[in-house]
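I've put the structures underneath this note.
Below, chain A partners chain B and then partners chain C, in two separate complexes.
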Partner chain A sequence: MAVSNERRLLEPWQDPKAPPYLRIDRVTKTFGDLYAVDDVSLNIFKGEFFSLLGSSGCGKSTLLRLLAGFEYPTSGRIYIDGVDVTDVPPYARPVNMMFQSYALFPHMTVEQNVEFGLKQDRVAKKERQERVGEMLDLLKIMELRKRRPDQLSGGQRQRVALARSLARHPKLLLLDEPLGALDKRLRESTQFELVNLQERLGITFVTVTHDQEEAMTMSTRIAVMDAGQIMQVDTPTAIYEFPNCRLTAEFIGSVNLFEGKVMEREGDQVLIEARHGGILRMRSLHPHPLGTPVTVAIRPEKMRLSDGPAEDGVNRLSGVVEDIAYLGDVSIYRIRANGGQLVEMTLTNIQPRTEQALTWEQDVSVEWSPTSGVVLTE
Partner chain B sequence: MSIGAGPQSQGSRRLSRLVNIGIPYVWLGVFFLLPFVIVLQISVAEPALAQPPYTALWEWIDDGLLQIQINLRNFMLIGEDDIYLAAFLNSLWVALVCTLLCLLLGYPMAYAIATAPERWRVLLLMLIVLPFWTSFLIRVYAWIGILNSGGLLNTFLLWLGVIDQPMQILHTQTAVYIGILYSYLPFMILPLYANLTRLDPTLLEAAEDLGCRPMRAFVEITLPLSKPGIIAGSMLVFIPVVGEFVIPDLLGGPDSLMVGKLLWTEFFSNQDWPLASALAILLLGLLVVPFVLMQRMQQTMDETQP
Partner chain C sequence: MKRRAWPLLGVLAFGYAFLYVPILLLIFYSFNESRLVTVWSGFSVKWYGELLHNRQLLDAAWLSIRIAATNATVAVVLGTLAANALVRHGRFRGRTGLELLLTAPLVMPDVIIGLSLLLLFVALRELIGWPDGRGFTTITIAHITFSMAYVAVVVRSRLGQMDASLEEAAMDLGARPLGVYRQITLPLIAPALLSGWLLAFTLSLDDLVIASFVSGPGATTLPMVVYSSVRMGVSPQINALATLIVAVVTLAVVIAGISLGRKPGR
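== the complex of A and B ==
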């Protein structure tokens, strides 16, 4: 019982009585004929690090701009901390945004940039200086305070932009591709820093990203978007392990998809006849009627590879190794199954590459267990 | 790439660099420095009934001696007669007023064009540039037809019933202001437009996001960032207007005394080339010195601001 209580505290979205901090209620935004955001409803809770994930043009940036107030919804309402802000202009919203381009004011020093929002709020000069100092300390950019944006590196600019958007203590911080302009190494270290910062300040973060790894590392929850709609909202683990549709499964990580028809149900498992041959036995709680077309999604690392030819059987396919990609920590194998389908799987390189027996054109078989994947209906 | 080609290509590169830098210098030397030196030389000569109508700067006298005569009479004359000082002050005043009016009128227009939808911009810019397709002189002449007592403006105002007898606008200082404003407005709008289109609109969004109302965002972000455009436009208007001759001559009256007009009179009516040249040199000094100082100031400001 204690465990479930704690879980509830950490995951307010599990609690139907928890009041959402940001409520997006059936919001639609059209540009001419284009539905940029199409009937989106979303509840985000206080202290969350929420990510909107999708490829470019999926509507995630428009949704963020709707939250900031730069666009007004065609229909639907937006509530922040219980207050309807749908028609409130950006300068009056308790929201701040960190822009993808950072949008630092080029004619002001770092200090003046960070101070700008506080000045607009008519904070007294003494308090203003204190809070600017706090922010500069927090982001470790105190020694840059007299510089202008064009005298800063990309990483430094990102910190200034973050300091500027946090200085007003917004109820909601919106981040548009916060790490998009940084190089890979800096991006990884900044990811952790951003999460620490968010936990320390307790400010609710909503970020937009097209980088699934970034979303997975930082977020409490992720909303996967496509064509203006939200496909799935869940924790990173749930999104990865239990995608609810092909699009989500394919967007996050790699996945093997087997199309087939439901043949039989045995308790909590179903038997599926694959289109390319073979029979799959998967766990599924969904009441699939017999004969319905389904897709089985199995992650490449959840399969076992066996050396040598084998009979096709339940949850087992045989084939030959067609391609090997050595990535250092893992290797990706592409196996052409006898039924013609290409199966991708990853193996951790426990042994040095030179010691491994598997090579091209070798006969192998691939196996998995009923809990290794999910059955998707669409 | 063979190693042998190295020094040769380096040499030819040096030559091409020399040519590239050389051409503008030669151009400036021939068309700016040389005429300036000639004018400077005439300004220290004496008027004479000769061809050209001034004395030579140097002369060989009998025993092979070179005699150089520098005559500061012209500059002293300009200092003695109040009319020159009045003309200078009036020109500067007119230029200042016109620059400010151009800025007040041109800034909103440049801003409107810069923020107009993309497909409108070309057309709007075209409308600004279109008057240049007609000769400047003809356009100023056209204003005579508009401003004179039987002209378009008076006829229209009479018809409206705003006035019951024609106003005297032509040959007044007002007509000069109207003419200059009309002629120089594009020189203010174009650099401002060029500057304002480069302004990143997300900066304004950022300002609004940080609690700044749009009007204030204009004052705090757009205006300071368009400073280079304001300076460029103002210089393009101010400098030629100080020496403007055609507009005060055609539209102005006896009270519109400007250096340009005075200069013209000295040159052509009085045939006093040295005095006219001295006026031109003073005018140049008047315009160059403040701008050099301003540039210096700007530079030191940029240097002190880390």
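== the complex of A and C ==
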């Protein structure tokens, strides 16, 4: 899923001896009664492109503001490169942020905007100009240097904001919805550019986004947040294939959930009696006690669809095609199972649409293998 | 269509006439040769010449300008501080009180402001011996108390429109709070400060009621002189003076308009 993953023997997060570059240690932030960030611990490593993913109000932005220093945690500590920065004000942190609104200074030219941070650091004029030039070159905005922010397009503003936040060579770059204000096409090309830039500069990026696709394409790792807590931290692939709870499964991509009870264990597989009828057999290493309620999560593209009702057996459902959404490359089928449940599945359109056999109201059966999904306990 | 537009144009013309004919007449008669203000007898600028030799009027004008300038400057500083507190510091203890205090002068009759300040000055003098006599200082203080409220309103709306993340961005880029204020906030609210200053200047320059209450012997402001001399019969000198004031005020309004009209940053 990630655009580029250098193949190392061991990724830093898999290596227990690797020192974290950014360490968030049991941080809590409350606003009155509200726990915006609730006991969050995270280790982020040098050179990572880390995404905080969640719906609005889940605390991801507050966490980012805590890292930037605009908010101070109610409890817990934050370390950057081994130094405790919890009480360091924003202007003294080796961290820069790219704001969602870009926050370009409207009374300054592009050049002056990029130069601003260097001026605060009292960098000599000659070096300042060199570094501003470097940044403008890097982001291909040299010809805009004399313009003011209100004379720029959205994409150009984004580049200026990025140049400005990179000019001080921060140890950590925070990006708040970096692509949120761009239109769809620009967003896709910018995603790849951001990743390339990050790999070239080797700066650790922490980004906040509510767009799961964006997080999947760009990140080395993703933390899924909900109600101030981190639900799961893992690589995009692992989060997609092996979500650890219903929330993560539902937040990333679409998923079919079948509730049921554990009936029997056979080696590394469990048999589950589904609430809507039928027996499911899934691979699970979790030691589920018999009788525990579980949820089986299966991605829509990991199911097989065939004509005619199913014969009895495990991981099989019969139903009727209720809806077909043709998206060009794939079609989404909604199937009303005989138990009453709605099952969603995607099929790649290998044949031209007109050739397809399946149509509305047709009797079909859905089938999957024990390794196609995961068993969730909550 | 054309015919139906006529009544509307008539109403518009009447509106303009209602607002501007008196002023135009006043300017017109300032160039009158005759001593009688309402009888035209030929073009002349002699009243402007006489005005320049009228010590009493000139002294009063100079006093008024000094008061207005001092008042405007202090009011801009205090009004900006108040606006900052209200916009940037969320809910602090005494916020409602401050807001109330800032709106009070906008709705309070001048007579009450003038009287209450006079009583305050008299009481203070008995208590601590200050202010010793009324004049420039007391009038300026009185003017500051109400014009800072107007400044606060103007600056507050401008600050409110300003994206707070601009200040955060500056701080994030290494600027300390004072640096942020100097390099980001001040330049962005500068047009509001300018128009606030001009507003405070004008308010002070044409205040008659409050100044009459808190001034003392020897400190007569321009509006007070004009008012008292009109009661003894209008001299075309007053027309000349009024023309000059209209010119200055128009210029100030135009400057303020231009500086505010420049597109503010988002």
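Operating definition for what follows: the second predicted complex is superposed on the first by the 367 of 378 C-alpha atoms of A that agree within 3 Å, B and C clash if a C-alpha of one lies under 4 Å from a C-alpha of the other, contacts with A are read in each partner's own complex, and residues count from 1 in each chain.
As a convention for this text, a residue touches a chain if its C-beta (ideal position, glycine included) is under 8 Å from a C-beta of that chain, and two chains touch if they have at least 3 such contacts.
Fair warning: this is a prediction, and the values are worked out from it, not measured in the lab.
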item: Clash-or-fit label for the pair chain B, chain C on chain A; value: clash
item: Partner chain in contact with A:S101 - chain B first, chain C second, else both or neither; value: both
item: Chain B versus chain C as contact partner of A:D121, first or second or both or neither; value: both
item: First, second, both or neither for A:K146, with chain B first and chain C second; value: first
item: Residues of chain A that lie at the interface with chain B and also at the interface with chain C; value: 68-70, 89-92, 95-97, 99, 101, 103, 105-107, 116-117, 120-121, 164-165, 168
item: For the chain B and chain A complex, residues of the former touching the latter; value: 200, 202-203, 205-214, 216, 220-221, 224-225, 305-306
item: Footprint of chain B on chain A - complex, ascending; value: 68-70, 89-92, 95-97, 99, 101, 103-107, 116-117, 120-121, 146-148, 151, 164-165, 168
item: Contact footprint of chain C on chain A as seen in their complex; value: 68-70, 89-92, 95-97, 99-101, 103, 105-107, 116-117, 120-121, 149-150, 164-165, 168
item: Residues on chain C engaged by chain A in the complex (per definition of touch); value: 163, 165-166, 168-176, 179, 183-184, 187-188, 263-266
